[in-house]
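Comments concern the structure below.
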Amino acid sequence: MTKPYKKILITGAAGRLGSELRRGLVPLADHLVLADRLPCPDLQPHETGLIFDLADEAATIAATEGCDAIVHMGGAPLERPWNEVLDSNIRGSYHIYEGARKHGVKRVIYASSVHAIGYHGITDGIACDAPPRPDSLYGVSKCFVESLSSLYWDKFGIESACIRIFSSFPEPADRRMLWSWLSFEDCIRLVSACLTTPQLGHTITAGMSDNRVKPVDMTPTGYLGYQPQDSTEPFRAALEARTDPADPGDPATHRIGGWFVNLGHPDDEAPE
Amino acid sequence: MTKPYKKILITGAAGRLGSELRRGLVPLADHLVLADRLPCPDLQPHETGLIFDLADEAATIAATEGCDAIVHMGGAPLERPWNEVLDSNIRGSYHIYEGARKHGVKRVIYASSVHAIGYHGITDGIACDAPPRPDSLYGVSKCFVESLSSLYWDKFGIESACIRIFSSFPEPADRRMLWSWLSFEDCIRLVSACLTTPQLGHTITAGMSDNRVKPVDMTPTGYLGYQPQDSTEPFRAALEARTDPADPGDPATHRIGGWFVNLGHPDDEAPE
Amino acid sequence: MTKPYKKILITGAAGRLGSELRRGLVPLADHLVLADRLPCPDLQPHETGLIFDLADEAATIAATEGCDAIVHMGGAPLERPWNEVLDSNIRGSYHIYEGARKHGVKRVIYASSVHAIGYHGITDGIACDAPPRPDSLYGVSKCFVESLSSLYWDKFGIESACIRIFSSFPEPADRRMLWSWLSFEDCIRLVSACLTTPQLGHTITAGMSDNRVKPVDMTPTGYLGYQPQDSTEPFRAALEARTDPADPGDPATHRIGGWFVNLGHPDDEAPE
Amino acid sequence: MTKPYKKILITGAAGRLGSELRRGLVPLADHLVLADRLPCPDLQPHETGLIFDLADEAATIAATEGCDAIVHMGGAPLERPWNEVLDSNIRGSYHIYEGARKHGVKRVIYASSVHAIGYHGITDGIACDAPPRPDSLYGVSKCFVESLSSLYWDKFGIESACIRIFSSFPEPADRRMLWSWLSFEDCIRLVSACLTTPQLGHTITAGMSDNRVKPVDMTPTGYLGYQPQDSTEPFRAALEARTDPADPGDPATHRIGGWFVNLGHPDDEAPE
Amino acid sequence: MTKPYKKILITGAAGRLGSELRRGLVPLADHLVLADRLPCPDLQPHETGLIFDLADEAATIAATEGCDAIVHMGGAPLERPWNEVLDSNIRGSYHIYEGARKHGVKRVIYASSVHAIGYHGITDGIACDAPPRPDSLYGVSKCFVESLSSLYWDKFGIESACIRIFSSFPEPADRRMLWSWLSFEDCIRLVSACLTTPQLGHTITAGMSDNRVKPVDMTPTGYLGYQPQDSTEPFRAALEARTDPADPGDPATHRIGGWFVNLGHPDDEAPE
Amino acid sequence: MTKPYKKILITGAAGRLGSELRRGLVPLADHLVLADRLPCPDLQPHETGLIFDLADEAATIAATEGCDAIVHMGGAPLERPWNEVLDSNIRGSYHIYEGARKHGVKRVIYASSVHAIGYHGITDGIACDAPPRPDSLYGVSKCFVESLSSLYWDKFGIESACIRIFSSFPEPADRRMLWSWLSFEDCIRLVSACLTTPQLGHTITAGMSDNRVKPVDMTPTGYLGYQPQDSTEPFRAALEARTDPADPGDPATHRIGGWFVNLGHPDDEAPE
């Protein structure tokens, strides 16, 4: 069967999620372009490696040429000083969308984050596409790209999914991840669903596995056809045995964003 | 065990869905009255065949006598010239409801259609009972019957389900049906659920199998107890191998109604 | 100043509302075409009279030629036997929309009715564009046209307002009209607002004066710029003095549609 | 593994649900305090029995001392004369919350009831945390405790779940229970989920098994992590064989509260 | 003109609001029964005075005999120890509704309070009929009566309005009252609207004058026909000159209930 | 009377709105700091002028010192090339919020824009705080600040209003402004309301005068106490006489953002 894409650009391809998607998206594209600030090891014949910083406008735009989809996982993966957030997440993502516009790439899958909505309460029963309520500068940068994605669909016809990834790690690492965990396989399933659904438009959704606790309602994006297969239940007993229960009085327990809500301003702690 | 109904009238009984329901509703009724413009083949002892046109008021009303439920699948099954839509779907359905009123039939299951809401976008995340947004004169006629059903419940106490059937075929025949398909067995399950739920009132719901992609939220009619058992996943690989991907720029891809939204006016094309 | 329309067709022009609009729409059009089954008296130079039945497809379509807007007030104005509702309201209104489509008329203002939503409760706090819940065959026919209006906008680009007129009479005539009354001047204001608002699309709204009691929320169609100037308060004392209070146990008191909800089926009472 | 609680107080511990929870909550607490007006038989080493009436303020408050959670199942379990409802459900529950406040108990799980929302219609598609609409004085007392629970969270930081238990019996006993049944095991699962979810705040949810018919939407409290494992389907055939179908014209069929809506005032029937 | 009521019972008639309503309701009833624990001074020929405690079941029920409406303003008007709240607000109001049921009184207007929803935030933009979120035991008792009102309408057909009165005083006395004030004349207007609206059913609404700041949306009860005529603007300058601005960090500023949210438990402070 | 603020910083103080606010905010502050890239003419004793670019982090932060409120009107006022939007609107606004955080300024009023939601349809009936749907890079920058405002309230306790200003000009200049116009006096009223409302938190609202056409629902922020006094009606006749009607087929007519939706990408047109 013909693969749906000829060439997909993956940014952050040397990172945690990028490495998994490098493997997982093989069925969807003839060729993968692997972009990162660091070299991606062990390049295969169906892969091309590119090394550049997303803050480099020309290099980023050039990387999108000839691609028919972009899976944009690159950028700072957690709270960082403002200038870093600005360069890698705000400016860098703008360069990606500009590349898509200039080179006719029709679909972008973006790693947004739970931290775009981190101050919503876990008992609020929000939907996966709830309004912005960021918990960090990092989260604000994710909100920025979500609104950029909206613009590029309405004005330039470029389809995007902004996936508010909750916690994608090899396995759940703390009690919060019992509900926020997104397994790597489910992450691949969700990105693949976004790449292959007939109509994507401008979609905001959330990324979690089929965990027992469900803090957000996924119904509004049922049209994506994402069906998670993993769950944290097999990890629960061991994890609970080695960790303390959450403190219900701690904001990190009550808010969707977890410990990010307890962070101060990054520039207060991180001299540059 | 006593069957819940003594005699059910099935209209359109010689048609695609009618034939399946003829088989599938046997557990629910002692006797089936099979009505169509064409003869139903191979009548069994528990079946009576009736041949008439729904536009024939007297014949239609007469056919409802002695029945305790009506499964109304008859009428034009897709876009047709106005006069045909008017006669078979609008006038014909009115005759059915009048038959129910005059002969004390207490429950009507009606084959409404996705085309009653065909202009809603697939990414809009609508509910199964979304407001009317028809994509054709055919769809308008379905909206008409939905409002008629509302009236006959509020004023005359006749319970109805209007099932917005998406695509009920032997198997999914194009890429859109990967999310819109309703298997024949699931169709029987849904009609049966509507016939046996304790309280039906005036219900508007949608008819799809348990496909991976879920374009509408079925939660509002969870009280029906419909649990689809089939899915298009077993058909996906073969179907995708032999068909082209949808064009995201085509309204038929974006709208729930599919290619109906691209139809012109039927009277422009179909001389009578 | 140039008038916004060259020629407006008014149907039902000899009727109660049509006569008022004949007067009130003069500032909006160079010429008015006055259509009715009965002759309109005292035609003026800026007026043309047409006599035909809306059930006459050819005549109705012909009447729309050369018009740039239609104010469609014609048809049975209250509950009537089915065949009459069918001919004058369903078929007749279809002919109007077909005329608009065939002759390039870009905007239609339609006299829908409170009876399209008559079974909603007055204490339900519904919006002016609430889902259909008709209280009569007459109301069902209004729902039919509302869905037709939706189709003709989505598919053919014809803008329509469906105004759910509550009670438009010279003055409030019973206690229900203390909240449902639409003065003739406010009716003219509302139709004029629909004719002149920059974007109408497919709009469903309600027609009431600025009465003290407000049974529906008009906020969703604030974009029309309709600001009623009249109220029933000046009539209240006299009206209350000569009428009995409503009976809270009567469905006609509880439902938006008033006494229509207590009507039986029109064909039971009206032999044809 | 350490159990999450040291000592849980169960009220109504000799009753139907209390007895089941006495068994089912063993994994969650080192010690259980079993309170009832009647003695609990066969006390085990990990159990303490207390006999008192919830109307006894001092005894009730004393019973909460040293506990770190309360599972409050006590009080009149169905419609009773006003004074009894007042003493056992209103005053009794107030004493429980006061005990929690005075003795620093941080979490209360309360057996609210479907009868707090019994007048909502089964076809209304309500959510599990729908606004109050009680069907009995018993239901009103449940609404009282739900608002008390809200206050004690907002003002005193005591977390509570108010579980609107539908019908928790050994097995479904009538046709309504085909959709309202909560198996004992699922009841234990739900109470356990409420006791162990990281953040509970003030939660209102509903208690049903995974029955085919789903009259309320459980999505808003997905954060509890309650996943029912039982269903009434295995009981359906036998139950339907020995019972009559529901009468769709009976308010008990249409309303969530079932036959409670047909009860008169308890003081009219029950002299004290 | 005949007055709409023959005899209205006003409870709390010697209190602040009761005294005003004693004057303001004269146009609506031939006779007023003025009930309070204290004597009402200067009884007029159209008035009857009754002295009893609402906790006295027999006296309260007896007082309702022969009345065709009840304006129930009695009971503790602010936070009080539990036993007092229980007797005067919970038990007392139950006696009122029982009187209405036993003596066929068809309409009850109840002074609920902003404190039934006091923990909602002022920036939350809630509606006047928002779900319960009480800020005090007093508020919980108001929620209790609101659910009792719901029951007595659904089951016994007694219509009630529960008016969440914000701050009804001779004039605004602090900065919060600039938005929460209900003038006495507007209070009379609102109670009168509830007494004369054709259909009241079970209504929950809010009571404020037409102040510039509008913390709740009154649209859902527009059917009452309440149009406030007063505003705090004439008082603003003087009040702001003599009071300090609110502290935005104080919960009393953020929550609808004002300083009630800062109250502790009444039994901690008020030994009895 | 003491003024509510000691010192307010106005950015963009030499611009169109800044100049008006310089005049209009005098009653609210003892001293005004007027910041702009250009000098503000005719400084008065109660004014201090500061000249700097918002992209200058140190200068911007320094300007906030000693202020107790900021009215942030500065930055590019319409679509500009990306680097300019980035520097003046994104980086510049971040500097303002950092200044507030570092110098303890407790309230910020920000000139967001209709262009943050410009792709919403005028007939959609959206609320003033609708989710982001920007129509330009300029609009995206406004969305960025709105999410920044959310963060600085949730995390740092700084209150902000983001006013989506529609069209604030001396008088309505085209047909769209008949509904989008915000008079200068109403702009002053709205900013003043935001500065003086007791609780602001993180508020998103819209800025329009009391025009006849109301494209957004202002109810959700009724707690601000903004009551516009001006309207475009006095300008209507003259404006309609000299301008052509809007074309309903033009996206600029259908979308809230007007002609911004027809703009291409600014970098395509504006070489730097």
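Before moving on, here are some points about what is shown:
For reference, chains read A, B, C, D, E and F in written order, and residue numbers begin at 1 within each chain.
Note that a residue touches a chain if its C-beta (ideal position, glycine included) is under 8 Å from a C-beta of that chain, and two chains touch if they have at least 3 such contacts.
Note that the structure is a prediction, hence the values are computed from the model and not measured.
In a homomeric contact, the two copies may use the same or different surfaces; for chain D and chain E, over half of the interface residue numbers are shared, pointing to the same surface. Between the two copies, chain D and chain F, the Cα superposition rotates by 180°, quoted to the nearest 5.
Rounded to whole angstrom, the centroid-to-centroid distance between chain A and chain E, based on C-alpha atoms, equals 52 Å. With each centre defined as the average position of its C-alpha atoms, the distance from chain B to chain D rounds to 41 Å.
The distance from the centre of chain A to the centre of chain F, with each centre set as the mean of the Cα atoms, comes to 32 Å.
Shown for chain F are the residues in touch with two or more other chains, namely 219. Chain contacts here follow an irregular pattern that is not a line, a ring, a star or a complete set. Going by the touch rule set out above, the chain pairs that meet are A-B, A-D, A-F, B-C, B-D, C-E, C-F, D-E, E-F. Chain C meets chain B in the complex at residues 82, 86, 90-91, 94, 98, 101, 116, 119, 131-137, 139-140, 143-144, 146-148, 150-151, 154-156, 261, 265, 267.
Looking at the complex, you find that chain C touches chain E at residues 121-123, 125, 175-176, 179, 211-217, 219, 237, 240-241, 245-246, 248-249, 253-254. Of all the residues in chain C, the ones that touch chain F in their complex are 1, 4, 106-107, 157, 159, 197-201, 203, 219-225, 227.
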